[in-house]
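Following: one structure in structure tokens, then a few remarks.
For clarity, chains are labelled A, B, C and D in written order, and residue numbers in each chain start from 1.
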Amino acid sequence: MPDAVGLELIAKEINAAHEGAVRETGHEYGSATLVIAAGKNLEVLRWLEETPGQEYTFCSSVHGADYLPAEPRFAVHYELLNRDRVERIHVKALLGDPSAGTDDRWGEGPLPTLRSSVGIFPTAEFQEREIYDFFGIVFDGHPDLRRITMPEDYVGWPQRRDFPIGGEPVIFTNTERERAGWYE
Amino acid sequence: MNGFPPIADTAFAEAPWLLVVKSIVIFGVMFAILPLLTVLERKLLGRFQQRYGPNRVGPVGLLQPLADVGKLLGKEHFRPDGAVPFLFAIGPLLVVLSGILAIAIIPFGNVVDGVGLYGIDVSIGILYFFAVGSIAFYGLLLAGWSSGSKYSFLGAMRAAAQLISYEVAMGLSLLGVIFMAGSLSLVDIVEAQSGLWFIVPQIVGFLVFMLAGFAETNRTPFDLPEADAELVAGYQTEYGGMRFGSFLLAEYIEITVVSAIGAAMFLGGFLGPGPDWLGPLWMGIKTFVLILMFIWIRATIPRVRYDQLMSLGWKILLPIATLNALVTAVVVTLT
Amino acid sequence: MLDPRTKLEESKIADQFAGRGLNPLIEDPDGAVVTPMVESETSTDEQVMTINMGPHHPATHGVLRLVVSLKGEYVLDLKPVMGYVHTGIEKSCEQKSFWKAIPFVERMDYLSYFFQMQAYCGCVERMIGMEIPKRAEYLRIIHMELNRIHSHLVWLGTTALDLGAMSMFWYCFNVRDRILDLFEMSAGQRMHTRYFQVGGVAEDIPVGFTEKVKAFCRETPERVDQYEALLDRNEIFLQRTRDVGIVSRERLLELGVTGPLLRAAGEPWDLRKVTDYLPYGDFDFSVPVGTVGDNYDRYRVRVAEIRESIKIIEQAVEGLPEGPHIADDRKYVLPPRDELGTSMESLIHHFKLVTEGFRVPPGELYNPVEGPRGETGCFIVADGSAKPARVHFRDSSFINLQSLKDMCVGGLVADLIVNLAMLDPILGGIDR
Amino acid sequence: MKEVLFWIGAIGAIGGAAAVVALRNPFYSVLALIAHLVSIAGLFLILQAEFIAAAQVVVYAGAVMVLYVFVAAYVGGIEEPKLDAIPGQRPLAFLVGAAIFIELSIAIVASGLLALDSGGPEVALGFGSPAGVGKLMLERFLIAFEAASLLLLIAAIGAVVLAERRRRDESDAEEALG
């Protein structure tokens, strides 16, 4: 991974190319982190992929996280990799919660939105669907944004920290009629 | 014209009651052996695969088929909503019927003490085998088509296409033997081998016949119609209970019949040292050897792909069999 | 696309099935196909048949469902549908303290449990800045490589079964059983051993374990030779795997595919060689790569990997250092059992660890290891408490599954099964 | 016994033939045709013409009808437009049908009924056996037999050529469209 100085240089260059893209940098546990503005995620990813000397062309993983008490609340993490130099860089796009302050346990309020990176990294297709499925983060421009693991008619975003757990009745085929709409 | 009519031109006339007794005996013996064949296959597969195979029911698992049949009989006669009831029921029936009909011409021996040791020795002989074999096709197709399931439908189509493709090659592979024996009657063909078994001059025909036999009986490596990896169980997918059991039964009957025909056509059938009444024993041993080959190959060889199967049938086996028949015809005419 | 829920409604007549007049996603919830056999949709001559493969299809290696459009026997389009064994493991981990989450994470991909434990424990160890003893590292390597052989053997057996070579299944499972015996001996469990701990391994290996591992390493190459003899020279097997399911190296990299699939296409990418999460540098082994990336290469690469793993295990057992099997840091590691009766301090540590668990400083980290199916990564967010705020696993079969479409479209259904088998998906890992 | 078999065969043959015309579903029609052909084969057996019977089953039931079944199973269920292709087709069909019926009746009354009391034609031993049929086909009627084979071969090649041309036209059309 780039060392601390290299990371600062990368951040500076990105900011020169795209104003206000990198908010802060972090270098902990031997892992380099770029915290970026949510609106600039594609620009940063493309810069990291295409700029000569960087070429983080391999996307290892895309995943989401919910830092509930913190603001902005959500983050989408991109783990990029340069296979020639075996350097990893961790890009973290922070996202606010549009329905903050309301009681939105079932995720019915407006959803945070981010531009999809499928155009740059085709591998992100399933993983962005997974993030949408679990966190309710919408990826604009995703070719097929549906739930991937949970049932298609599921309501709520189960990996959010405020998702109520425990005590939900389970729907079986013999109880589905009695319990229709149990979540209301 | 009293009693039973002489339906076919037979070489040796027998009393009608004798025919009835013979059919009962052949039928009884075959159906006593078939269940043991299933145990044998499972035991052998077990040994091939470093395990035991069935050994819980009865001595060394010999009663396993009884338990299996009991289980199958106790099952519900399930039929999917989309199925066509009559055809759904008649499919397995036809498959079993065609197998059983073919048993009639298997020669277990020549005439001994005024009794022909065979079901019937007709002049069309081997042609009869192909005639009833073509009935089996309809059993498979109806079973698959009427199930109302896509897997069954695909399986049935594969089975049908495979059956007709390989029937041609099989027929041509036997032509050489027929030329050399100068007769279609199986008894005559066996008798013609008293000097030399036809497997020696007709080795090409034998190999083509066996390959086509594997395809006809839907056995590995040509078990595509029931390829469990792709089509679940092909045309049998929607069947349960004894109807499913019928397909299984038919498969073993067909294996036996193909092996027996192979033994009669190529391995000298009932010929062997000792008195004539030992014929059935020799025939049984030779058939058994061929059946073992079926089982062995099942344990060893992977399944071919559908298009490979088709091109093998049409582009390799068919020309080889034709050439073999031509060469044999020329040689037989010249000598 | 403002509100995805409206999109969800629309997707009930999902676009990708537009024009087929049938959306199998909605109409056949159980996968049992009772719809008309041939959808004679419009007046076109094309007979497109949509088949639901799975979720209870015998050859999908679990409960994967493939919605396949067929024209005759050729695959036109393919969509994987998953989630049938989703158990919410990532969510459940958030309710458990760090060291109690270990049994959870190893149950995701049920054929590479040691790798998931290593990804998780390694991640936590990096976050708390803990060095683990050399002996523990070697023991981890031995178990992980045994696990890799185990996983590849299960793969080989089931793949051969899908190809119709049923005996291979039993042969492979015979050897696999020996590996499970070894696991049982060292860890007390045959699968899902929870053998790796934060700080090392749970127990030292018992007496006689190394001898058994050595015997295993001596005898297994011969078995692998026999498998190769059965398959490599079998014309049917070659015909069915050669030049089937080729995906270019570039496309695989775009799709994020790792592991034997990528190596079969000629890319020598192996985390064991390029990173130092465990001292793989101590051992002499090579990374097998293929040439064109067809199914035959995939098979060859995996079989070669079995041999390489055996080499690693032999060297690791030979050079197994003496010393403690777990770090001596009472804040994170349970004290030895015998100290509990004599030392008050140990009892307090034990009590604190068992009831509350240890705390991890706030931070987040992604820690990848090379699993049998590719890069197995663990991402942990710690908020300073004793429980992880987020545990995410990058499961290699989940990512690799995206390449199935590239392998299959335009090919035959029969090849679809082979391709899927060669992909080696583990549904427990995909659905998590 | 012989009479019972004859009646079973006759009912099967006529019933099958009637069902072919009467059934609406083409798949069932094909199945009825197979039943008809197998019944006819049974009738041949009663006449001790086992070679013809076997050939009937092998050639018709085993080969020709298989293709019919394939087509009916794949394409089956498509509703044909219920239109008269030629104006006045229906009355014409009745007329033609009646004409054929009358012609057949004359033939049967003239020759078939006369043979009712006789024992049938006297044939030599071995007539109708494979060897006998082979001799007739390849010695006495060789030219007719070969001509028929040639005709069938030409028909088969022609079908392949036509199908190939049609497929090429279709692919051309597809390319033109997109």
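Basically, a residue touches a chain if its C-beta (ideal position, glycine included) is under 8 Å from a C-beta of that chain, and two chains touch if they have at least 3 such contacts.
Just so we're clear, the structure is a prediction, and the values are computed from it rather than from any experiment.
Asker: Determine the shortest chain-contact distance, in steps, between chain A and chain B.
Answerer: Minimum number of steps from chain A to chain B: 2.
Asker: Between A-C and B-D, name the chain pair that shares the greater number of C-beta pairs in contact.
Answerer: Greater number of contacting C-beta pairs: A-C.
Asker: Could you give the separation in Å between the centres of chain A and chain C, each centre being the mean of its C-alpha atoms?
Answerer: Taking the mean C-alpha position of each chain, the two centres sit 23 Å apart.
Asker: Provide the C-alpha centroid distance between chain B and chain D, rounded to the nearest whole angstrom.
Answerer: From the centre of chain B to the centre of chain D is 29 Å.
Asker: Could you put a whole-Å number on the gap between the CA centroids of chain A and chain D?
Answerer: 70
Asker: Distance between chain B and chain C based on Cα centroids, please, to the nearest Å.
Answerer: 45
Asker: Give the residues of chain B that touch two or more other chains, as numbers and ranges in rising order.
Answerer: Within chain B, the residues that touch at least two other chains are 153.
Asker: Residues touching two or more other chains, restricted to chain D: which are they?
Answerer: 74
Asker: For the complex, give me every residue of chain B touching chain C.
Answerer: Of all residues in chain B, those touching chain C are 45, 48-51, 80-82, 148-151, 153-154, 220-221, 223-224, 227-230, 232, 298-308.
Asker: Which stretch or stretches of chain D touch chain B in the complex?
Answerer: Those in contact with chain B are residues 1-2, 5, 27, 31, 34, 38, 41, 45-46, 48, 50-51, 53-55, 57-58, 61-63, 66, 69-70, 73-74, 128-130.
Asker: Which chain B residues qualify as touching chain D in the complex?
Answerer: Chain B reaches chain D through residues 1, 3-9, 87, 122-124, 127-128, 130-135, 137-138, 141-142, 145, 153, 156-157, 160-161, 164, 167, 184.
Asker: Enumerate the contact residues on chain A facing chain C in the complex.
Answerer: Residue list for chain A touching chain C: 28-31, 33, 57-61, 63-67, 77, 79, 83, 86, 88, 90, 110-111, 121-127, 130, 132, 134, 136, 138, 140-141, 144-152, 158-159, 161, 165.
Asker: Can you list the residues on chain C that touch chain B in the complex?
Answerer: Touching chain B: residues 33-34, 37-38, 49, 51, 57-59, 73, 160-167, 169-171, 174, 230-231, 234, 236-237, 239-240, 412-417 of chain C.
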